[in-house]
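In what follows, chain A forms one complex with chain B and a second complex with chain C.
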Partner chain A sequence: MSQSLAKQCNEVKERYDTCFLKWYSEKYLRGIGAIDNNECSALFKEYSSCLQVALKERGIDKLLEDAREDNKENDAVYLGRKKCKIRALGPVFLSALMICSRIFIFHV
Partner chain B sequence: MKVFSNSETFNYSWEEVSTANWQKYCPWNEKSTHVIAVDTISRSVDPATGILRTERLITCKQTAPEWLKSILGAGMEESQVLETSYVDPAHRTVTMVSANLTFSSLINVQETVVYRPLNAHQTQFTQDAKITALCGGWQRIKNSIEDTMVKRFRENAIKGKEGFESVLAMSRRVFAEEREREKMGLIREQASNIRMAA
Partner chain C sequence: MVLTHTTNHAYAHPLPTVTLAFFLRYCSPQLNPFAAHVLSTDTISTHVDEATGRLHTTRIHLKKSRMPPSIMKMLPTSLTGGGSVDKASYILETSVVDMREGWMSTESRNLNFVGVLSVVERQLYTAGPAPAPADTTNVATTVVFRSRLGERIRDRLGHHQNQQHPQQPPSHAHQLAPPTDAAQQEAGGSGWFARLGARGIQRSIESLASTKTQDQLGKSREGMRMILERLRQSGIIGVLELRKMARERSAEAA
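Entry: the complex of A and B
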């Protein structure tokens, strides 16, 4: 597994990554069990709280907020691609349509 | 703005590729050494679509040309990328959208990668990156920055394919070993059941 940005989080990250990979390959891809990865949730919480401290210290948390804001358009498209042409309105409609048509090209 | 596009075929099933994708930057990959850390920031399954959405923070260490360092300033050694991925098990696609966090006021790099099955044993990878230098000033400088980035993308694409191939091979071996172990365990269990019944 890859390293964490913060050395102190490596141990819990390793445990979480192992748990996730098992859930992903054995359950999620096969459509088995709960829709969310509950068996790894506690580990993720632990890993996340370790990481948050490191992100804050380095000022990355602010950068992440901005990037998330910029990514909202992608969320609209990739989480609801079937609805993207009908539901979106106004300027969002145009950009969504552009990205939708790009997905369309990918699928051809 | 400059565009870099690339497409590859991997001789592995979509399930294998999408699983190994989470381990792309592990020690099995000796080619992508510029990636020094990968952290999962958030992860959730959309209840309506079943799409798995993940945010990963990717930390890279890459040497930049001297002239670019002098423009972007000190601290060029480490940079971060936010990768948002969407796994759609119904349509069998993995879409990853990445944007640079570092130097985002000077340069904008947007990369979209899609993995989708070609058939039961092959997966197609398509990559498309848009690079825009935002800094004011001469067009020539902007062009040089964008060209440098495109060149870097091209170099990393070759290394990325080679590195991911070795991760895929290793991943297949490990999964096969695990299945074998599980099978042996099952046989042992059955044997002891038979002994107990006898």
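Entry: the complex of A and C
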């Protein structure tokens, strides 16, 4: 694969990618032991913990959050709400949505 | 404003090979010379859904900006980030493979510059029609361009006007209203936005990006085809070997 965005993760990324591609082509695509890719998960953990640091350093974690937020905002537009920013998830998300809608109704 | 572009394409390779090529398509410029603009590729998450057997993967790619220079020139430095240093864009790619049902769906979207232009590309790969299902793979590609430039200003103005005239729909509020402080700030504080007009800019950005993307789609298909040929000739192990050799060569050169 091409490089990792963080140089220090290159080596472990390389090992993980090779493992993944082998697992994918030799097992997953052939329906052998398709349920998990455990054999690469230890490598992925190592790679991921290296990568998370780099994502934070470059503010990409924030960009990812924004992308999720943006999707929610679009949904909110369709629901008639634009200004209500919903950051929470799951049940909290629903209650936040209800609160937001109520404020909106009052506002109008 | 939104511009949508849809195309269909067929590869003369079976679906499993095409999905493998999808994961391999940025693997090395030696294998895919059309991927020279891809600076890095990382996997953020991956898992197989136990119930469905589907493989879900999220990756992030760093690409040299595909934002055409003509667009960059139109924009104030406050939006483009100034100098020519950081013109790369982060692309978030999510994919789902279902080998039982025989499809792969992918979505790629840019993570930065979304205030200027958001490009979302969705692809659905399916095994070809009945007579020769094992040999061909169809791909339906939809690209949605959306320039939100000025939309936030419109939102704010609409919101502002709504407070004064709750009955008035906010959609036309921006046309006649003079730029507020908020709008000025958003446009880089230079009155730039007021001079050029959001609508024209949005339309230009979307159509320029669309033309550019049609061109890029051709190249990305060429790249996929080269990887597919390699896979046909030497199989995955051969490709992994070639990749390793290419990496070692570039390490020696460095």
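List of remarks:
By definition in this document, the second predicted complex is superposed on the first by the 66 of 108 C-alpha atoms of A that agree within 3 Å, B and C clash if a C-alpha of one lies under 4 Å from a C-alpha of the other, contacts with A are read in each partner's own complex, and residues count from 1 in each chain.
Throughout what follows, contacts are C-beta pairs under 8 Å (C-beta built on N, C-alpha and C of every residue); 3 or more make two chains touch, one makes a residue touch a chain.
For clarity, every value in this text was computed on a predicted model and none was experimentally measured.
Look at A:18: by the touch rule set out above, it reaches chain C but stays clear of chain B.
In the superposition on chain A, A:64 makes contact with both chain B and chain C. Residue contacts after overlaying the shared chain place A:5 against chain B and chain C alike. Applying the stated contact rule after C-alpha superposition, one finds that A:29 touches each of chain B and chain C. Residues common to the contacts of chain A with chain B and with chain C across the two structures: 1-5, 9, 13, 16-17, 20-21, 24-25, 28-29, 31, 35-37, 44, 47-48, 51, 55, 60, 63-64, 66-67, 70. Looking at the complex, you find that chain C touches chain A at residues 16, 19-20, 23-24, 26-29, 35, 38-44, 46-48, 50, 53, 55, 60, 62, 90, 92, 97, 99, 109, 111-112, 114, 155, 159, 166, 236, 240, 243, 247.
On the side of chain A, the complex with chain C involves touching residues 1-5, 9, 13-14, 16-18, 20-22, 24-26, 28-29, 31, 34-37, 44, 47-48, 51, 55, 60, 63-64, 66-67, 70, 82-83, 108. Here chain A touches chain B in the complex through residues 1-5, 9, 13, 16-17, 20-21, 24-25, 28-29, 31, 35-37, 44, 47-48, 51, 55, 60, 63-64, 66-68, 70-71, 74-75, 78-80, 102, 106, going by the rule given at the top.
Interface residues of chain B facing chain A in the complex, by the touch rule stated above, are 15, 18-19, 22-23, 25-26, 35-41, 43-53, 55, 57, 59, 80, 82, 84, 86-89, 95, 97, 99, 101-102, 104, 112, 114, 116, 126, 175.
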